[in-house]
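Should a chain be cited, it is by its letter among A, B, C and D, assigned in written order, with residues numbered from 1 in that chain.
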Amino acid sequence: MTSFLVAAAAFVLTMVTLGLFVILRRWAEVDHMMVAQLLGTGGVAILLLLAAATEAPPIVDVALLLALFAAFAAVAFVRSASSSEQEVRETASGG
Amino acid sequence: MKLAFDILTIFFVSAGALFFLAGTVGLIRFPDPLTRLHALTKVDNLGLGLVVLGLLPQATGLFGALKLVAIWLLVQLSGAIVTQLIAGTVRHHGPHG
Amino acid sequence: MSAAALFGLSGAALVGIGLYGLVTNPEPLRKILAFNLLGSGVFLVFGVVSRRAAASGLGGDPVPQAMVITAIVVAFAATAMAIALVLRLLQETGRSTLDADNPGGAGGKS
Amino acid sequence: MTILSAFDIGLVVLILAVGAATIAKRDAFAAVIGYVVYGLLLAIAWVRLSAVDVALTEAAIGGGMTGMLLLGAVARLRLAKGSDARPSFPVRFAAAALSALVAAGLAIAVLSPPEAIPTLAPMVMENLAQSGLGNPVAGVLFVYRALDTLLEKVVLILALVGVWSLAPDSVWGGIPGLRVYAPPSSTLTFLAQLLPPVGIVVAIYMCWIGAKEPGGAFQGGTVLAAMWLLVMIAGLKSVPSISQRWLRLLVVVGPVIFLAIGISGMVLANAFLAYPPGYAKPLIVAVEFALTLSIGVALGLLAAGPPERVQPQ
């Protein structure tokens, strides 16, 4: 059972790696923001599988924080993309 | 009993892993950000749901199982909202912004 | 090679990567980023020290772990301070670089 | 065990690749996003090193808070024209050689462990029972090296004073220039209503569980800070001016209670920061709760930055 769960975690890690590679190679900012989503689901799945495989329940708490902060990071990405435009306008009018 | 639980785990976790694969394929193959976002969010969330379902038989006690479900609910809800936010940025900037 | 040694080597490599970025990147913000990378590499090496000294019933020595937790929080405070300095520099000079050949930067955008 | 080693190798390669990308990317926004990914991945690495307390801290601070801080700066620095001039090739080559040398030195140090591995773990475990705590890391932070933890809180406050004092004189005591989300967005409002209640429960849980399992004041405080920032960014609560008395009180309440208990330890337990026998655990939990609040407010204010205006917008 343990080796099956670890293998599943390794598989999801491979998928996350592929996803990250594809996302970070693209130019569009919108694509970059998706990494928060990717880790919010994939990273949480990896941690939950590791928690079950190594029989260490506290790892589940790391998954909980990862889920919470992935959402927080996504808000940070979106805010940054939105405020930079406004900023440029403000400085342009301010001289 | 233990065996039945283990078979359930193997079945659901494998199904979940398959959905992660599908999500990644979508991320690589789909042509524009909105469809890629769609693939990533929906399919990966389903994958995580199946992984959680598969891990429930292995959970330690009722509290452990409830915590797993709570994490999945959190990812599901926040993921859905965050996707809306990101998609809103796409509309704002245009597909290549 | 043990898992601990593997993570220790990656910590060493991260220190190298961070140092390179710190030296070669001209923008202060990127220097701050590189410095954080360097710091996390050092923390990883500490994690290996902790893992090696695993005692009975423990995954690792708790003393280095507690130090790393403290260090992460202090690194965040230092990063916040550094960013405030860079933003103030921008406010004063309109520039975000530390070029020596253009000192003073008396107002306006470069 | 071989699958686990394969997992570890894959994780390490991914972390190094993302770390290198963070340095190599030309675009600052992409670099910072890379850094956030790096922080979240590092949390998984800490789990693999059996340091769950550190993993919690790294996920919260390395991934979430530092990312928020750096992205706020990226948005502003965009309009500043930075120098595009990268150093010349010889300089870069020398830097690469120097970095490789340092990394190699560290690698040799990692690969050649000392004969007798120095460890304080047995001593910690011996004394842990007396404190009534179950989490050895919390034991180190609040019993064994309590002075370090207290001084770290002081460092946080000093850093906050440092950030505030970078404000121009005219806006001293004003409102921090936290970037709020520019267009009003009902989606973000919904998230900022949904997530904080969950976050507050998680913060209290972190703080409470910290006494016996991984978790504690740092992790709980960081979650509180993130939730506070989220509510402010969404515009549900305005950013408070830094001259507010309650704000300053919250920043110092944790360290003050910690210090008070430490000084009373001189009378009741014959040493600074010692706890009277039998009362160690309740006192530590009380200190942890007060510190969680203070850390939350201090980290939130650090991320919000120096004051920028006197009047609310």
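Simple rule for what comes next: a contact is a pair of C-beta atoms (placed from the backbone, for glycine too) under 8 Å apart; a residue touches a chain by one contact, two chains touch by 3 or more.
Just so it is clear, the model here is predicted, and its values are computed rather than measured.
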Open item on the list: Shortest hop count from chain A to chain B along touching chains?
Closed with: 1
TODO: Select, from C-D and A-D, the pair of chains that is joined by more C-beta pairs in contact.
DONE: C-D
Task: Far-end chain from chain C, centres as C-alpha averages - done: B
Task: Mean-CA-position distance for chain C and chain B (Å) - done: 32
Task: Separation of mean Cα positions, chain D and chain C [Å, integer] - done: 13
TODO: For chain A and chain C, let me know how many angstrom lie between their CA-based centres, rounded off.
DONE: 21
Task: chain A residues counted as touching two or more neighbouring chains - done: 29, 33, 36, 64, 68, 70-71, 75, 77-78, 81-82
TODO: Two or more other chains in contact with one residue: find those residues in chain C.
DONE: none
Task: Multi-partner residues of chain D (at least 2 other chains) - done: 4, 48, 52, 72, 74, 76, 183, 188, 191, 195, 198
Task: Chains that touch, pairwise - done: A-B, A-D, B-D, C-D
Open item on the list: Show me the residue ranges of chain D that touch chain A in the complex, using the header's touch definition.
Closed with: 3-4, 6-7, 10-11, 14, 18, 21, 29-30, 33-34, 36-37, 40-41, 43-44, 47-48, 52, 55-56, 59-60, 63-64, 67-68, 71-72, 74-76, 78-79, 179-183, 188, 191, 195, 198-199, 202, 206, 209, 213-215, 219, 223, 226, 229-230, 233
TODO: Using the touch definition up top, name the residues of chain D that touch chain B in the complex.
DONE: 183, 185, 187-188, 190-191, 194-195, 198
Task: chain C-facing residues of chain D, complex - done: 4-5, 8-9, 12, 15-16, 19-20, 22-23, 28, 31-32, 35, 38-39, 42, 45-46, 48-54, 57-58, 61-62, 65-66, 69-70, 72-74, 76-77, 80-83, 85-87, 91-92, 95-96, 98-100, 102-104, 106-107, 109-111, 113, 117-122, 124-125, 136-137, 139-141, 144-145, 148-149, 152, 155-156, 159-160, 162-163, 166, 168, 218, 295, 299, 302-303, 305-306
TODO: Please give the residue numbers of chain B that touch chain A in the complex, ascending.
DONE: 6, 9-10, 13-14, 16-17, 20-21, 23-24, 27-28, 33, 36-37, 40-41, 44-45, 47-48, 51-52, 55, 58-60, 64, 67-68, 70-71, 74-75, 78-79, 81-83, 85-86, 88-90, 92-93, 95-97
Open item on the list: Under the definition above, what is the set of chain A residues touching chain D in their complex?
Closed with: 3, 6-7, 9-10, 13-14, 16-17, 20, 24, 29, 32-33, 35-36, 39, 43, 46-47, 50, 56, 58-59, 61-62, 64-66, 68-73, 75-88, 91
